[in-house]
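Let me begin by handing over the structure; questions about it come next.
Letters A, B, C and D mark the chains in the order given here, with residues in each chain numbered from 1 onward.
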Amino acid sequence: MTMNKEELLAKHKGYNLTNGHVKLIDIMGDDSDIVDAARVSYMKGTRPVSENTELIRYLMRNKHSSPFEMCEIKFRLEVPLDLARQLQRHRTAQYSSFNEQSTRYSIVEDAMAKTEANKWRKQSKNNKQGSDGYIANEWPNFTTEDLTNFEVLTDSTSQGMRLALYKEEQEAGWTPGEYLSYREMTLQDLAKDIYKERLMFGVAREQARKELPMSQMTIFYWKCDLWNLLHFQELRMDSHAQEEIRELANIVALILEDWVPAAWQAFIDYRLNSITFSANEFEVLWTLGNAHPSLDAGCQWLFNASQEERVAFLSSYRLTSLSERYDFITKLRKHISRVKEKNVHRPSKEGLSS
Amino acid sequence: MTMNKEELLAKHKGYNLTNGHVKLIDIMGDDSDIVDAARVSYMKGTRPVSENTELIRYLMRNKHSSPFEMCEIKFRLEVPLDLARQLQRHRTAQYSSFNEQSTRYSIVEDAMAKTEANKWRKQSKNNKQGSDGYIANEWPNFTTEDLTNFEVLTDSTSQGMRLALYKEEQEAGWTPGEYLSYREMTLQDLAKDIYKERLMFGVAREQARKELPMSQMTIFYWKCDLWNLLHFQELRMDSHAQEEIRELANIVALILEDWVPAAWQAFIDYRLNSITFSANEFEVLWTLGNAHPSLDAGCQWLFNASQEERVAFLSSYRLTSLSERYDFITKLRKHISRVKEKNVHRPSKEGLSS
Amino acid sequence: MTMNKEELLAKHKGYNLTNGHVKLIDIMGDDSDIVDAARVSYMKGTRPVSENTELIRYLMRNKHSSPFEMCEIKFRLEVPLDLARQLQRHRTAQYSSFNEQSTRYSIVEDAMAKTEANKWRKQSKNNKQGSDGYIANEWPNFTTEDLTNFEVLTDSTSQGMRLALYKEEQEAGWTPGEYLSYREMTLQDLAKDIYKERLMFGVAREQARKELPMSQMTIFYWKCDLWNLLHFQELRMDSHAQEEIRELANIVALILEDWVPAAWQAFIDYRLNSITFSANEFEVLWTLGNAHPSLDAGCQWLFNASQEERVAFLSSYRLTSLSERYDFITKLRKHISRVKEKNVHRPSKEGLSS
Amino acid sequence: MTMNKEELLAKHKGYNLTNGHVKLIDIMGDDSDIVDAARVSYMKGTRPVSENTELIRYLMRNKHSSPFEMCEIKFRLEVPLDLARQLQRHRTAQYSSFNEQSTRYSIVEDAMAKTEANKWRKQSKNNKQGSDGYIANEWPNFTTEDLTNFEVLTDSTSQGMRLALYKEEQEAGWTPGEYLSYREMTLQDLAKDIYKERLMFGVAREQARKELPMSQMTIFYWKCDLWNLLHFQELRMDSHAQEEIRELANIVALILEDWVPAAWQAFIDYRLNSITFSANEFEVLWTLGNAHPSLDAGCQWLFNASQEERVAFLSSYRLTSLSERYDFITKLRKHISRVKEKNVHRPSKEGLSS
C-alpha cells in the first residue's frame, strides 16, 4: 500500500450517497499480505516469481482466491432497506458479517430515501430488470383504460377524477417527475405518521414497523474479505446493476484503488474488463475473422446483417435461441467499442465526492 | 422415517399462515441416513453403538453436526418481506439456498400482510424487542403532548384535529384496533396505488418498488440442511421470537416430527428444552441446593427474596449486573415450572391447521 | 431428468477408481427443479422464457447460481487421504458436508493406494505443479553427487552402496518403475507394521496414526449442491488437475450427464469449454484479426514469431510479463485447435468403466 | 484492548509447539469494536446498556454472534499434516481462510513431527477417541498370538523373530517408548529417503508425496473471525481434544486474553465453563436436590449408588441408555468438583513458554 493505514482511513472517512452514507472503518492487510500468503505455497522447487505485482496478476488470472481472502475490510453504511437487502442477499454475504440496526429493538429514525423530480428512471425496454434514462417531462395521455387495474379506483367516476387531477397538475406547470416526487412525499409522510401513531397506541415495535417502506434508511456495519468484495464489485459496478448499488460500488472502488493498487489493477484487467466466449461463440468469432478481410469487417457484417441472415448464421453455430444471440452480440459490441475508443483500462468514477 | 417420502409430501403439501403459505417441496434422507453417515466414523476398534435412536441422541448431545447435515429439505414460502428478511439474515442462511421473486424483474402481486383489529400486539415492558399480549379495547387519553414529535402534525391546530378524530372514532364505537387496521388499509391502498401509478408513468420496476411496505408479500424457495434447520427451530420456536416467524417454525416442527422422528425428539430433549448454566450460575444453584432443606426451597427463597437480599446474594457469586441476574432468574423459573408441570417433553403445537 | 431417480441410482451404483471407489447415494431435484426455482423470480411483467433448456442456458451464461443450488447430490467415496484432503480443502467444500471415517476413533483398514510400475508420472517442465507422461524405462546415470542431500546417506560409502543397488536392480532386468513400486511396497509394509505394533503396545489410536502415509485409504460421505459441484468439475476436469482427482471428476461427469442433462450441456458450453480474454488480450486478438488476411493467419503469425518479435508485440499491448504471455498463448492455442478439430462439444470420458 | 496492536504483536510474535510453531501475524478490532457493532442495533427506544463489559457479557450469554465476527485474527502455523487436517476440517473452517504450502508445487521440508520416548500416550479405556496417560516402562508379555494380524509377519518364524527382537531390546535396557521412538525414526527416515529418491528419478512432486506421513510438517496462514475462533477454542481446549491441538488452543488462549479481555472472560464464564442439562437431566437434578438433605448429598448418593440402583433411578427419568447416563454423570462430577475446588474461573494454561 503506498499510503499507510492511518492515511487511508483519514482519506476515506466518509462519502455521501444520493440517499445514505459510506464510511471506511478498518482494514487488515494489503497487497504485500496477498503476496506473503501466496508465497507460502511456492517455496523450494519452484521457479522464482520474482515480482510482487506479477504474482498478484498471476493469482487473479488463475482465480487463486485464498491469498486475496487474507485481506479484510470493514465499512459503516447508511442506506435504504432495499439496498441493504440486495447487499445482504448477495452470495458474497456468505463471507461477510453484518451488524444492523434492529427495528424490533429500536425505534427507527425519520429518514427515508427521497427521489428528486428529475431522477425518476424509465423502465428499460431491452433489459427486463433495468432502467434506461429518465421519464420525459411531457405528460402521457392517460385514459380510463390505463387505470382499470388500480385497486382503489373501482369505478369510472374515481378513474375520471384521477385523470382530472393529472390534468390539473399539468396545467399548473408541474412535470410528471414533480408529481411523482410529491406523491412519494405523501406516502412517506403517511408511513411515518402511522408508524408513530402505532407506537403511541402502545403497539410493539416489531409489529409497528410492518408498513415501513423499502426506502426506510437503516444503518449497519459490513465486514468482508477482499476476494468476496471483488466479486461484489464485478457484479455491482456493471452497467446493468441498479443505480443505487452501483453508486456504492463506485465509492468502494475508490477505496480499493488506494488500499490494494496491484490487486485492483489486476481485477480490472482480468475480471471487470474481461470477456468470456462460450465454445460456440468462439467458433463464430473465429469464422468471422477468417471469412472476412478483417475481424472488424466480420463483426460489422454480423451487426449489420438482416435479422434472417443473422439468425441463420448464428444458428448454424448452435446459437439457436434469441437470448443467446442477443447476449453474444451485446457483449461483442461492448468490447469492440471499448477497444476502438482505447478505453480499456479504467472504469469510470466521475461524479464522486469525498 | 415411519412414513415414506410420497406420504410425507402429500401430508404436508400446504399450510396457511396468518399472512402467507408454507409448502413442503422435497426432502433428501431421513433418520437412517444420519445413522449411516455417522457409522462411517465409527468402524473397527469401537464399542458397538447398537441402537440407531441411541446413536442419534449421542450425536445430538455432543453436537456432532455433520451426520445431520446429510439430510436436506426444501420449502416454498409465501410470506411478508419483513419475515423473508429475518429468515435470510439468519446465520442458518449461510447454509441455505434461496430463490426469491425479483421485484426488479417482476411486477409485485397486490398482496400485503393484513392485521386484524384484535391482533395489534402490545410492546413488552420486560423484553425490549418483544410484544406482550394485545392492546386494550379502551382508548388511551392522548393529549397534544403525545403528538409533538409527529412530523406531519406541525402545529397545535393539526394536533387538535387528530385528537378530535380519535374522539370521533371512539364515539362511533370503534376500538383502537379497528382504527389501526383501518389506517393500515389506508396506507396499503396508497402504497399500491402509487406503485401502479409509477409503473403507468413508465418508471422502472427497480425504482417503483421503493415505497413498497415491509408487509408486501413475496415468494421464495428455501433449501436447508437438517442441522441448520434445527438451529433455526431452536431460535424461532422460542417464546421470545416474533409471532410471525414462530408461526412458521411451529409448522416446520410438524414436518420434522414426521420426517426425522428420532432426530426431532433428540433435539427437543437436548436442545429445545435444555438449560445452560454459566460456571457462576451453577455455583449459585449448588449453594441453593445445599443451604436449604430442598433445592425447591432454595430456589423459592431466591425468587421471594427482597431485591437487596437477592442482589447481595447473587453478587457474591459474581452475578454483578442487573441483566445477568435477570436472565438467570428468568431461565430458572421457566425450567422449574416446566418440571413441576411435568411438561418437559413436547413444545406446544396447538392451533395449527393443515 | 430423462431417467427416474431409481434408474439413476441403479445405473451409477458404483465405480472403481485406480485406488478407491465412488458410489452415488442420493439426489434431490433435477433440471425441472432448476427451472421451477428460477421461475419464481420471473413472474408477471416479463417476457416469457418459454423453453426450459433455454432458461437453464440463460441462467448458466449469466452465473445465476441460486436455481442450481436447489439440486443436491450425495456420494460415498473411498479414496487415499491426499485426495480426500484436496477435496475437503476445496472452496466448494464450504457448501459441502462431509462425514469421514475417524482415525482417532477407529482402527484404519489395511488399504493404501498402490502405484503400478508403469504409472510413475514425470514432473512436468512447464507446469510447476503438474506431471507430464511417465518416467522412462531406462535407468538414469546417477552419481554420488545426486545423493548428497539424502539425509540417511551421510557418507560416500553409503552413497556408493545405493548406486551399487541401482546397478544390481538394473542388471536384474528391473525397470525404474518396478524398483519404485517395490520401494513403495516396502514403505507401506513398514508403515502398517509400525501402526499395528503401536496399537499392540497400547498406544492411543490418535497418536498411532501419525505415520500413516497420505496414500492410506479413507471413506467418507460427500454431499454437495449442483452449483458448487459444477465449480468443482470445472477445476478438476481440467487437464492441469492431478490425475487422481481428474479420474474422480470424470466419473462425476457421467452421473451429471444423466441426472441434469440440460444443466450439464449448458455447463460444458458456457463454462468448461469457454475462453476468457482480459481487456488487453482481447485487444491483441482484435489486432491480429485486423492486421492479417484472416484471424487464423494472425494467430499463426503470433505462434511462429521469434521470441523477440512476440515479446515486443505483446508488450505493446501491456502483456509485459512472461507468465502473462505464456498463459495467453497457451489458452489461445488450445481453443483454436479445438475449433479446427471440430471438437467443441464434449469433454472426453473414455476409459471409464462402470 | 489494554495493550495496543504493536505491543500485542510483539508480545505474541512466536510460540514453539512440541512439534511446530505459532505466530500471531495480525488482528483487526478489539473489545471496543464488538461494542460499537452491537450498539448499532440498540439505539433509540431502548434502555441504556451503560457498561461495555456488561454488554459483551450479554451478547455472549445470548449467543449474539455478529458483533464478535467484527474482529478478525491471522496466524502463521507450522504443524504436522494431521493437525492441519483437523483444523481445516473444522466447522469453523467455513469462516476461515487458509493459505497452505503446496506439496504439488513445492518440495517438502525435511521436517516431521517426532515423539519423545516418554510421550507415547495410552489408548483411553473410557473415551473411544482419546488417550489417557502414557504407556508403561515395563514391557508387555507379547505372544505370537498378538502378532497374527500383522500383514508382514506371515509365519511363526517371522513372528518368533519379532518377539526375540523385543526381548533383546528389553535386555539392552530400552523402554518400550524408546523402542517406539526408534521405530518412528526408522519409518520417517525411510519416508524421506523414498521421497527424495522419487524426485531424483524424475517423479512428479504431486505423486512423489503420496507416502509422506501425517507427521510431515506443513506451513500455512490461518485467518478467522473471533466468534468462530471461540467456537474452535471451546472444542479444542476441552480435555477430550487431542493433545497436539489442545496445545495449540492453549497458546491461542494466551493471545485472546490480551487481545479481547472482556470477550475472553465472558467466553470462559458462559461457554467454556458452562454446563448444559437436557430437560430430563434437569429433572434428575431437581429431584436429587429435593429428595436429599442437600444437593451435594443427593449427587453423592447418585455417584455411590449401586449400578442397579443408578440405572433404575435414571431410567425413571428417561435416561434409558448407557451412554446417556454415563455422559450425565461425567459432566456432573466435573462441574461439582470445579465448584468444590473453587476453580471456576480460569482454564489452566501452565506449561506454556513464549
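The criterion applied here is as follows: contacts are C-beta pairs under 8 Å (C-beta built on N, C-alpha and C of every residue); 3 or more make two chains touch, one makes a residue touch a chain.
Computed from a prediction, not measured in an experiment: that's the story for all the values here.
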Centroid comparison with chain D (C-alpha atoms), farthest chain: A
Counterpart interface for C-D, drawn from A-B, B-D or A-C and sharing over half of its contact pairs: A-B
Contact-richer chain pair [A-B vs A-D]: A-B
Centroid spacing, where centroids are CA-atom means, of chain B and chain D in whole angstrom: 35
Separation of chain A from chain D, taking each centre as the mean of its C-alpha atoms, in whole Å: 45
Euclidean distance of C-alpha centroids - chain A vs chain B, Å: 33
Junction residues of chain A - those touching two or more other chains: 42, 45-46, 94, 98, 100, 102, 105, 128, 205
Arrangement of touching chains [line / ring / star / complete / other]: complete
Residues of chain A defined as touching chain C within the complex: 42, 45-47, 49, 51, 54, 57-58, 61-62, 65, 91, 94, 128, 268-270, 273-280, 282-283, 285-286, 288-290, 293-296, 298, 321, 323-324, 327, 335-336, 338-339, 344-345
Sites on chain A touched by chain D in the complex: 26-29, 33, 36-38, 40-46, 66-67, 69-70, 72, 74, 76, 95, 97-102, 105-107, 109, 205, 219-221, 223, 225
Chain A residues within the chain B interface of the complex: 80-82, 85, 88-89, 94, 98, 100, 102, 104-105, 110, 113, 115, 120-124, 128-132, 135, 140, 142, 146-147, 149-153, 176, 180, 183-184, 186-194, 196-207, 209-215, 242
